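We call the chains A, B, C and D, going by the order they appear; numbering starts again at 1 in every chain.
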Amino acid sequence: MNSDEMIKQDEKHLPDQIKKAMPILTIENLVVKFNLRGRSLSAIREASLSLYKGESLAIVGESGSGKSVFTKSLMGLLDANGWVDSGTIQYKTYDLAQFKKEKDWLKIRGKEIAMVFQDPMTSLNPLKTIGKQVREAVVKHQGLKGREATNAVYDILENVGIDAPRKRYNQYPFEFSGGMRQRVVIAIAVACKPEILICDEPTTALDVTIQAQIMELIGELQSKYGLTVIYITHDLGVVAHVADRVAVMYAGDIVEIGLSEEIFYDPRHPYTSALLASLPQLGIKGEPLYAIKGTPPNLFKKVEGDAFAFRNEKALKIDFVKRPPYFKISETHYAKTWLMDERAPKVDKPKIIELLNERSAK
Amino acid sequence: MKREKLLEVKDLTVAFGKRKNRFVAVDGVNFNIYKGETFGLVGESGSGKTTIGRAIMRINETDSGDIYFKGQKINGKIDKKLDREVIKNIQMIFQDPMASLNERAKVDYIVSEGLYNTKLYDDESDRKRKVEKALLSVGLLPEFASRFPHEFSGGQRQRIGIARTLVMKPELIIADEPISALDVSIRAQVINLMNDLKSTLGLTYLFIAHDLSVVRFISDRVAVIHKGQIVELAETEELYQNAVHPYTKGLLSAISMPDPKTEKNRQFEKYDKSMHHYEVEAPKWMEIRPEHWVLASDEEFERYKKALDGKVLNNR
Amino acid sequence: MTQRMKHIAEDIDDTLFTFAEYNQSASEEIGYSNYSYWQSTIQVFFKNKVAVFLLMVIVLLLAFTFIQPLLPNQKLPTKIYNDPVTNMQYRNVAPNSEFWFGTNSIGQDLWSRIWSGTRTSLIIGFMVGLFEVIVGIVIGAMWGYMRKLDRVITEIYNVWNNIPTTIVLILLTYIMRPGIFTLIFAMSITSWLSMTLLVRNLIVILRDREYNLASRCLGTPIRRIITKNLVPYLVSVIMLRMALAIPTAIGLEVFLTYIGLGLPVDIPSLGNLVNEGRLLMMSESLRYQLFFPAIVISLITIAFYVMGNAFADAADPRNHV
Amino acid sequence: MLKYILKRIFRSFITLFAVTTIVFMLMRLMPEEGYFGDSYDKLDEIQREAILEGMGLRDPMHIQLIHFYKGLIKGDLGTSITYRPKVPVTEILAKKIPYSLWLGLSSILIAIIFGLWMGISMAQHKDRLMDGVGTFYIVFIRAVPSAVYYLFLQLYLTSWLKLPILFDVDEKASFFLPLLSMSLVSLAGYAMWMRRYMVDELNKDYIRLAKAKGLRQKEIMFKHVMRNAFVPMAQYLPTSILFAISGSLYIESLYSIPGIGSLLVESIQRQDNPLVQALVLIYAAISIFGLLMGDVLMAFFDPRIKFETQGGGR
């Protein structure tokens, strides 16, 4: 029985906050492949995920984990040398995995799923005014024209916290700061009236004070427009602030998924707890930080068993042989690690995770 | 114990461009760095923190003010011998491992480039031995010397960058955001490496960064810089727990901790520059508590002092 | 389905559930990607079938051009051949078994003239290309690297760039009496500028990269920064310019010959040959004297142009996908 | 914006002055026997010296320069020596300039219209048939020396289309061939650069956002990519003018069009210094004007330049 049946079968025990919502997007055993320098590599290895209406799901992972590729495959924005090899992406009545032609993708791009990108400096057309670039989305997806469309743009600019929208309408991107430009990019995404908003590391390129403002803005817009948000980031601090649920990705697969309290206070996959333990915020002065050995795998390596095995000092022999299935820890908490198998020896988590655990129990 | 002052910066000002489009990047900055400590310099992008690092390295010319290294003035015109001295004793680690190594040269040349310049080696075999020693001290295998940079991951390349500075046996290393371009799991490796090197080789760091939590973990003393001016400077825990300047408090409130319970209801203080009335009374660089300096007008200084009286330090 | 049933069904033996010992270098190795710049460049280049074919054509052509005189029973390019019987010059003989490309209006063998003409043109093109590259790198690197020099040379460039090069070329060849050296000198003087600007723009981009900053912090002298840090990045640009120098040189030589400033008639060159062909082109039967030089010129110029551009594309890391 | 243009115009004049002076001095290096044309051997040493003296060629260089510029301001470009002795240069040029102007401007206009259209469609149907055909055409035109295929154009088109070989001002049919040859060459340049700049724009990040916005590929191509590709294209205009100038020299003499192109070739061969001097001045002025036009167009297309008051990055 593969992993997703296990998730579906246990849905009836979900906590009430998630239970009310229906999964508006279900991804099952998605495999995305690239050909790079003559060889085909799999960036996503049978990842499965269900997204519930109105929730805020964070996807955490390092470079090479495939988190960006995962969301790009939802919108058909994969690079020329990449393609969805197998698996299904069920969204309303469509299976996005089968979409090939631009005509299909236009049914969902913007209208259903909109996206905010990482680098505000290059996401906007430098030679077009801000107003025109937002207006394009308003005209396309809200069917407004002329004066009405312009007013709609003013409203949206105001909603994303841009002052004096009338004056700003005719200004160009280079006259805006990084934070303001990111607000425009968010305005464009929201103007498409999407169901799902994918934010691909929206705050990574910004300073910490502006980062906090943008996170707050996305939270407000989520409740105001009833959006379901997928938040991609490698910053666990940001995840703790914004996410209801967290999916941890490593080498193209979702190795652990659960409510944010479960992931932070009771991480089960060795990678998740190692990632938490190595954060300087939790480090004790004078003592060395808990550091994960080795380097994140690049896509050239064909992965046998658990991809994290090579870097895990407490890896089991089986980790190098067989790929771990999902183990259920609670109704909403699953992890792909043989440690959860009752035959596996007990492994205590890094000391720092215990500390974090006690502090949260208070 | 009397700490030896390694570096002293007095009223340093650095500006770019002339007349009409003159941009002052660093505006009258004062701080000292003592031997064997890690001095954190934290600020947002465009605050001038990198410019200060480059001014010390003599890459950027200084407009006014002085930089003393072991008592000798090293900014502005200096003689050849002193210049050699500065090159050998002050080294720099760069932010982006992908851009700070010469892709078309072997690791062997990259690491020993400094040796070639300063002739600090007897013969070829001595140079080879020095390169291998440097690679081993940063946790890389000696046979990597014959490879090219593009064959390594981000973390490994950053360690090569560190090896390149160690081969010169420097006393002060200016680390300009050394880990912000690295993956999370690699950061801890480089931080631990830098701390080990500090204890084994007695190095001193000027650690420039925008990530406050990293600075808190690694620094002994921290200075917060905003728009070219250092607004507050203190021993690390004193600053993080008893910050007085509104900008520092704004920055600290923006740090997101990996702890959902506290994160969900964290209030974020927005810093508003207009709260100061510096047009009425210029701010001065004053010591509000031993080793705790702040940039404030007299009126503000009194207000901060009252707020500080009740606070005591609890070591986390 | 409970835990217990699940793992029995998968018949995994329990011994696998013991710790494996940790292997440090394996964890470093997984980050290793065997990308190498030159290997990928060559791979991408050889994927372009047309370019590879033309590369072969060029190699064959170059080899043949320079070994042609050594081949058996080859005629001399400048010797006038007479019919042994009538002792008359073999004027305008159409291509036949003896004169493979026929003869020209004064009885010289066109086949050997074309190949010796090609030799001359290739040498001119190569010398101009070489001059362009050497001057381009030396002045371009200094112009790009040293900020104080930048102001001065940019002004010089603005002035020099505005004199239409064709006119300078004409003036120079006129002043200096046509000859191979004059041609090389005139063409070099007018063409070094665009290469130098290309190098300067590249260096300005590379100059502020962090690895150059690092070299400066280590006290590396400018001389070594240029040779070790900058020039290796210019190789693909140099190869492209060298490849394009030859078609440009041939084109200019044909043009100069047309307006009477090309090489003297006694030196066989592609320009002279085309010119001679042009004078007779109106008469149908003598048109071969225009076709053969034209075809050889087109072959050489297209081959070098396409191969040069294909190499430049292959050398662009963005295409190493 | 205006300040930027005025500054650029001022710099253009300085460059023009420098260019003219350099060419003036370059001309003085010409071998002197050319001044006498075929009467060289008839005169003896003293007579020749007297004639050169009369032409002011023996004065020190700066005197000659001042004399030249005084004349220039009054619009007197001196008189032709060997081409049409004693005839003021301005008179000779007045008759010839219209022909070159017509040939140059119309060929550039045609090249811009068809070249941009070809470049755009090649970028749109990238790596498909249209792109392949276009690339073959561009490679052929830019690789093979124009001096070679102009011959074949003249040879075959005259016979196929029954067009007259040489240019005749009152026979309209003879206009077609030279114009076609000129436009075919500069057209390839525009097509190539337009395609290259559009392909560059296609790889930029903001295209990804435009796609994510749900815009169709056609909308992205015209509203974003093409519009932005015009900025670098404006810089190609001056180069194409320079290209057209050198092209006109050849075509005008090939089809014997009485324009200033063929005149320049002849006057150099005849070593008629004042005439060459004037022609070089005209050509330099055209190319400097072209550069200025390129800058103005770029500032017009790219709002960022308008705000940089201290001038473009020339």
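Just so we're on the same page, a contact is a pair of C-beta atoms (placed from the backbone, for glycine too) under 8 Å apart; a residue touches a chain by one contact, two chains touch by 3 or more.
If you want to know which protein each chain is, UniProt gives these names: B = ATP-binding cassette domain-containing protein; C, D = ABC transporter permease.
Given the structure is predicted, the values throughout are model-derived calculations rather than measurements.
Undergrad: Show me the overlap between the contact partners of subunit B and those of subunit D (ABC transporter permease).
TA: Touches both subunit B and subunit D (ABC transporter permease): A, C.
Undergrad: Determine which of the two chain pairs, A-D or C-D, is joined by the larger number of C-beta pairs in contact.
TA: Between A-D and C-D, the larger count of C-beta pairs in contact belongs to C-D.
Undergrad: Work out per-chain C-alpha centres and flag the one nearest the whole-protein C-alpha centre.
TA: Going by the distance between chain centres and the overall C-alpha centre, it is C.
Undergrad: Quick check: how many Å separate the C-alpha centres of subunit A and subunit D (ABC transporter permease)?
TA: The answer is 56 Å.
Undergrad: If you average the CA atoms of subunit C (ABC transporter permease) and of subunit D (ABC transporter permease), how far apart do the two points sit, in angstrom?
TA: 26
Undergrad: When the C-alpha atoms of subunit A and subunit B are each averaged to a single point, how far apart are the two points in Å?
TA: The separation of the two C-alpha centroids amounts to 33 Å.
Undergrad: Centroid of subunit A to centroid of subunit C (ABC transporter permease), CA atoms only: how many Å?
TA: Distance between chain centres, rounded to whole Å: 49 Å.
Undergrad: Counting only residues that touch at least 2 other chains, which ones in subunit D (ABC transporter permease) make the list?
TA: Not one residue in subunit D (ABC transporter permease) touches at least two other chains.
Undergrad: Using the touch definition from the top, which residues of subunit C (ABC transporter permease) touch two or more other chains?
TA: In subunit C (ABC transporter permease), residues 28, 31-35 touch at least two other chains, as defined above.
Undergrad: For subunit A, write out the residues touching at least two other chains, lowest number first.
TA: Touching at least two other chains: 293, 295-296, 298, 311.
Undergrad: Considering every pair of chains, which are in touch?
TA: Listed in label order, the chain pairs in contact are A-B, A-C, A-D, B-C, C-D.
Undergrad: Please name which positions on subunit C (ABC transporter permease) make contact with subunit D (ABC transporter permease) in the complex.
TA: 154, 158-159, 161-168, 170-171, 174-175, 247, 250-252, 254-255, 258-260, 274, 277-278, 281, 290, 294, 297-298, 301-302, 304-306, 309, 318
Undergrad: So in the complex, the part of subunit B that touches subunit C (ABC transporter permease) is made up of which residues?
TA: 57, 59, 83-84, 87, 91-92, 94-96, 99-105, 109, 113-114, 116-118, 141, 148, 150-153, 155-156, 161, 164, 168
Undergrad: Using the touch definition from the top, list the residues of subunit B that touch subunit A in their complex.
TA: Those in contact with subunit A are residues 44-45, 153-156, 183-189, 191-192, 195-196, 210-214, 216-218, 236, 250-251, 253-261, 263-264, 266, 268, 270-271, 316.
Undergrad: Provide the residue numbers of subunit D (ABC transporter permease) that touch subunit A in the complex, in ascending order.
TA: 204-206, 208-217, 223-224, 227-228, 231, 301-304
Undergrad: Considering only the defined contacts, which subunit C (ABC transporter permease) positions touch subunit A in the complex?
TA: It is residues 1, 3, 6-7, 12, 14-20, 22-24, 26-28, 30-35, 40, 43, 320-321 of subunit C (ABC transporter permease) that touch subunit A.
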